[in-house]
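Working notes, structure below.
Order of writing sets the chain letters: A, B, C and D. Residues in each chain are counted from 1.
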Amino acid sequence: MQKIQLNPVGTMSLLSQLEVDLLNQSANGELHKLFRNCCLAVLYSGAEIDNSESIFAPHRDFNINLIIRERGVKIELLNSPDIAFVDGELIQGVHEHLFSALRDLLYTGAKYSAQSLNFPSDSNFITHSVFDMLRHAQAITCSAELNMVVCWGGHSIGSTEYKYTKEVGYQLGLRRLNICTGCGPGAMKGPMKGATIGHAKQRYKTGRYLGLTEPGIIAAEPPNAIVNELVIMPDIEKRLEAFIRLSHAIVIFPGGAGTAEELLYLIGIMLDEKNSQQILPIILTGPEQSKAYFESIDQFIGATLGSEAQKLYEIVVGEPSKVAKIIKSKQQQIRDYRKQTGDSYDFNWSLKIAPQFQTPFDPTHENMAQLNLHFDQPKTELAAALRQAFSGIVAGNVKADSVKQIERNGPFQLNGEPKLMAMMDNLLESFVEQQRMKLPGSNYVPCYQISK
Amino acid sequence: MQKIQLNPVGTMSLLSQLEVDLLNQSANGELHKLFRNCCLAVLYSGAEIDNSESIFAPHRDFNINLIIRERGVKIELLNSPDIAFVDGELIQGVHEHLFSALRDLLYTGAKYSAQSLNFPSDSNFITHSVFDMLRHAQAITCSAELNMVVCWGGHSIGSTEYKYTKEVGYQLGLRRLNICTGCGPGAMKGPMKGATIGHAKQRYKTGRYLGLTEPGIIAAEPPNAIVNELVIMPDIEKRLEAFIRLSHAIVIFPGGAGTAEELLYLIGIMLDEKNSQQILPIILTGPEQSKAYFESIDQFIGATLGSEAQKLYEIVVGEPSKVAKIIKSKQQQIRDYRKQTGDSYDFNWSLKIAPQFQTPFDPTHENMAQLNLHFDQPKTELAAALRQAFSGIVAGNVKADSVKQIERNGPFQLNGEPKLMAMMDNLLESFVEQQRMKLPGSNYVPCYQISK
Amino acid sequence: MQKIQLNPVGTMSLLSQLEVDLLNQSANGELHKLFRNCCLAVLYSGAEIDNSESIFAPHRDFNINLIIRERGVKIELLNSPDIAFVDGELIQGVHEHLFSALRDLLYTGAKYSAQSLNFPSDSNFITHSVFDMLRHAQAITCSAELNMVVCWGGHSIGSTEYKYTKEVGYQLGLRRLNICTGCGPGAMKGPMKGATIGHAKQRYKTGRYLGLTEPGIIAAEPPNAIVNELVIMPDIEKRLEAFIRLSHAIVIFPGGAGTAEELLYLIGIMLDEKNSQQILPIILTGPEQSKAYFESIDQFIGATLGSEAQKLYEIVVGEPSKVAKIIKSKQQQIRDYRKQTGDSYDFNWSLKIAPQFQTPFDPTHENMAQLNLHFDQPKTELAAALRQAFSGIVAGNVKADSVKQIERNGPFQLNGEPKLMAMMDNLLESFVEQQRMKLPGSNYVPCYQISK
Amino acid sequence: MQKIQLNPVGTMSLLSQLEVDLLNQSANGELHKLFRNCCLAVLYSGAEIDNSESIFAPHRDFNINLIIRERGVKIELLNSPDIAFVDGELIQGVHEHLFSALRDLLYTGAKYSAQSLNFPSDSNFITHSVFDMLRHAQAITCSAELNMVVCWGGHSIGSTEYKYTKEVGYQLGLRRLNICTGCGPGAMKGPMKGATIGHAKQRYKTGRYLGLTEPGIIAAEPPNAIVNELVIMPDIEKRLEAFIRLSHAIVIFPGGAGTAEELLYLIGIMLDEKNSQQILPIILTGPEQSKAYFESIDQFIGATLGSEAQKLYEIVVGEPSKVAKIIKSKQQQIRDYRKQTGDSYDFNWSLKIAPQFQTPFDPTHENMAQLNLHFDQPKTELAAALRQAFSGIVAGNVKADSVKQIERNGPFQLNGEPKLMAMMDNLLESFVEQQRMKLPGSNYVPCYQISK
């Protein structure tokens, strides 16, 4: 049996005995399986996979233990996959990601459960916890450079679109902008890859390629090879909050249900009148061939959330350098705004996020069926409900738990105003047709039914 | 009114809004006065003072506020003393120390009080909190160099002794050893000053001059000019624990009651048979003229705690380089021991500290009078009681609260076995005669009476 | 007219007035055109071009001046191509490369011509000057890591071969090996690109991508985007010497005449019995489809230089990780050998390079016609003559001067032993057939004729 | 016999074989004795000595060899003094200084003698060589901070004056100013020592303590313990030029003949009308007790060089912080002037130094006797002649060669205008009386006679 012990790195290398004890309890408790699975996914960093099973199936005998020592904790890997090793030595980046998993899944979990009685579980505390996790992961840097560009888009995109995301990344990198994505393949990898070349040309040595993921999604989208900072947020809502509070601009490439979820989340928040002064460039962009895709998205947004929503973003087709120029040109305005409001340059505290966007949505059949999918409600409420619908579909596509529920109970049922339902149906159909729901080669079986 | 605003530095520059709120509550609550006084002392960094009043009296109108902003916290100083400024700009080291005070007094306090329900207040938790504070202060470095030498000794020593402490510091510095002291003048400054020259000659650019203090003592012993890391532990016992867990060797120069307290604390712990395998060089040293001083200390230890206690330390007279050589020669052994026991190189987890050394001792007249000062008890118990007696005397000499109690109620009364009492009396008398209780020029009025 | 002034960087930022005067004389003298052309090529860094004309033709109005100031020198660009700019600002890497050109073409030239009377122009001095230029370019690092892998191969290779060179670079990068190439596209770019990913995964932040070029070739092969150190050696022989004295291993990918020249140079030197103890892994490698290519090369070497020559290298087909493993596995041996012989870890002083490999070969029609291409001479002599033949062919293909000579006087005539001539003919024919003499799309007209 | 081998550091760790050969020839030629003696002096770094004999006499068996290896050069020390070692290991700073001596005495010498035919020996070349040596010693930094303060003053000063120089250094250090001195004890050490404390308080980690010396003086004034950069200029005139071209301000403490030489040199140059626009704060300063000293200096300058000369400097008595404030307040003006004239921030190219200040003055009996010490000449000429007279007296006091000449031929004879001679006599008498010509305890025998 292959056995490897890893010394701790990063913040996990300085723990007290009390913390080690808590960690050990977590590791041997119900979180063990989650931790094991995340680590297995991390060991596949850089591989192109979007199906948990293709990772998990061949490695039933893989396991992970914590080794407790007077001075702290080590990780022990049993029967780990060869792909993560070079001449018998674990790749350094993977080594670091494993301790990021330990930090985010076990340490943070233990810390918050130990503290839970003392802090109110309200909006302020949720935001505090998002900040605290990012700070502990050293993902908030005090750099004052206002250069974090969040890129969203599909993990399953064609080669023209992929090349385009690289080109945008290259243009961002040339302007010394950093990249934050959901950390898988496709549109989450391309911008990072392009940025490395742009950064290299500018001799920008502190390039950040920040991957933000969450436990349910990491196995389907293991961190790509470029990610040099990995943070695993506890749930999809905190991950989304992390994205937008860290971002100084958001670029949205073509994608499927996940990308739609992200866009609806973003629009729902930006429509909040408390955020009317916020400056946050949002750019929907893709190559010439994706023009129709963006038109249908834009139409859907216009029809559901109105022209006010459409004004929040700009659509740029086939002009990578224009995307980067727009973002660069807004930096000074963002700096001024943050300075004037006394806000941090690295974490957008003043952005208001309403409860319906912060509270975790559990995509059960029941919750999915009860979503309020009607026009006669405030736009932000409608955006929230739509966001939850798409979130459930993502879960049904890739998250192990939801996939099992659907195997057992059949597809999710979505009910609502027929006109709205028709719009959703069209949009989702187009995603399926364009093969945006799965990596090419695999066959998509819808996890939802729209009531007619 | 002179007003200055300071931007946060170090860990205080990345706070959540929740933390800022807690901080603000602390700052405006009962801790405000303590915080103000510590900051006033810090503003006197580098000045030679051992009397709180000489700092406090001329600055009744000094005040300190927290300024709360979206992104975090600033410190505002009102009517601060000129000594801390150069051409109108605050000295950088003082600026950093002020935020160390904010961190240790307000932030840590708020954090622990918010968490208090969840952690047991037992020995493990006390050690965790000592570690946690040092870690948060970035005083635990993962350097694996095992080169932290704790130097104890009087703040009030003569120029020959002071020169000697510099010479020892120089020899330690030449061997790339770092210095940790109680952070005031005299024997707490000399070794640091000497070490800077030794470090400079060896081009050792990461020299650490760590000052560990506590709220009650900082005003009487403000950080000297060399201290480049300041940590304010919440009470004397946690400060002592921090000293010995961080240390790889301990050097004791001539001093008064405080030094005796430190020596008794150390011996009491090292006598614990659970620590019999520990490797910790302890060296009592001074110039030729201090020979008699060490003889009387050694005699007192021998007579009270036995020859076993005397074996724990070595007395070196007039040989600075010998002190440094002994310490250097033990480094490898310490490394081996820590490696073998799986202990940290930077924090001695395996050292056992019994409750009587960890629990804060409150030097009230009642507690002082009830100390069990008799021979017929285990040596570690006797060492603990003697330590508490000397601790009380230090408080009576310099801590504002105790000084007031004594003004009101008269000197502390110490009772105990006459032979032991006579020994203590002799020792204390010799300290007074040698002017070790106060800086030269001031007149010492004893704060205690030994019952005859 | 577009005008841009650039502040000096690197060693060019600290010049004396005397040096600035010399520089100015050079810049305005006969070197001006060469300097201008090199800078124009540098401004095309990252573009895929192998034809000087496609760079030069559209930029007849481009010019470059030195601006002399009391404190030193600035570069002024007039009408420079847009490709080097981002939002009006010159790309940092290009900025640095321009000053590398100033350093290597003008400063070094002036320095050596000022010193020429005092140093003998013998082998020792040639090696000194190679070392001195590399040192001045800060390309010799004292890192003691023995990890510089020189990669040679064609600028014009197919996509399968190109992908393979990336894969080899990735495997080298994963093993923390650095890359040095001739700095153009194709096999000179692929390994660097791959290595950046390997380095990123290993968090290896000091990755070196060293481009060694020379004035006659830089316009045809401008530095690719990854090159982060550029050195322009004065002639092809000093460039080759720089390659092999810096290298700890040499990887040869498929290529054309230039690659053949490099291989013959290397074999000629390694056959010298004074180098019989040298340890220098030489690996010829390519994807499965290049197998035949290497067989014909190997056969040519065997037939001309014998089995002893064939033993100097290893051919690896389709196994990128094997290439990297072989190199890694030799590092310790190289370290031991250098240590034992007292040689530098970063510059192979003890390698013997005979005069026929050091003396610049001027590929005139006359010199080409007089090459001694017969079997009856020592192998090292034959290797040298063959090397010169291929060197002339490279010049005839891409160097502006030679291209003009050939336009005027017709192709070079190569005479020699018929059997040998037939072998050369076959090899060169195969290069032409495989399109290794030009980038795809362009049509190759041979610059030589082999006498039958 | 004690033997120690040292690996090269700094620029001496990257030499070509040609350079090593030249070095070896130098080392074994006539420079060997000079090199040996300088190294012996360097081994006494930090010791308080001003008499070469007290260093040389006890170490007749000390020797130094170069060890030639393929890769470069090592230094071998035979029977070196214990003072430079800690537990058998050479102090790092001394190690570095030894290679500075190798660099400046042997390498630079060999380089310039190899180049001598090609560069004209005129003023431009002298300045080039001063710059080139400082650059090669990495003493020119491109920092653009304009913070190098040159401090001149006696090596033999009383404790009040010494304490004052420390205090001034402290105030300079607090303002992030660096210190450059002649690198011995007394006024050359005090400002550096004080500055370390000021720098430490400001957390200024890149403090420079630059010692500029020359071969004839280093033995009498070995580098003090604080010097972290050592440059040995080839003669006194190049040393003086280095001082003033590097300086952004000059502070002159009380001193003897050497200090008078430096002041006359400086005034002579600043009186040149080509330098009338130069901004260079010059401050003569000392404690209250030195007031009379400065009055007599000022009077001498006034009487010999006129009120125009007196306007060039400011005398500050007993106000260390005022000295530092004046210097700080001029920084911006200097920056503006340098910017406007296109001059370097780190090396004052535009300062005009006339030949009589640049040409080495050889203090033979004949040259001393022929000095033109009369009033009827331009002030700059008179300043130059007076400078040479004092330079000769310094040589007669401390330089081994001159001391021997005087032993053989009696004291130097100075002739000139009686009134001027009387003034000089008075000034020199006062230096002798104030014990400024030798360290306290030693008895001064004048090395000159003033003709009456």
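Quick notes
Keep this in mind: a contact is a pair of C-beta atoms (placed from the backbone, for glycine too) under 8 Å apart; a residue touches a chain by one contact, two chains touch by 3 or more.
As the structure is a prediction and not an experimental result, all values here were calculated from the model.
Annotation of chain B and chain C: jointly contacted by A, D, touch as defined at the top. Relative to chain B, the most remote chain by averaged C-alpha coordinates is C.
Mean C-alpha position of chain A lies 47 Å from that of chain B. Centre-to-centre spacing of chain A and chain C amounts to 44 Å, using the average Cα coordinate of each chain.
The distance from the centre of chain A to the centre of chain D, each centre being the mean of the chain's C-alpha atoms, comes to 63 Å. Here the touching chains pair up as A-B, A-C, B-D, C-D. Chain C contributes residues 45-46, 86-87, 91-94, 96, 174-175, 196-197, 200-205, 225-226, 228, 325, 328 to its touches with chain A in the complex. By the touch rule above, chain B contacts chain A in their complex via residues 13-14, 16-19, 69-72, 114-115, 117-119, 124-125, 127-128, 131-132, 135, 140, 142, 338, 341-345, 347, 349-350.
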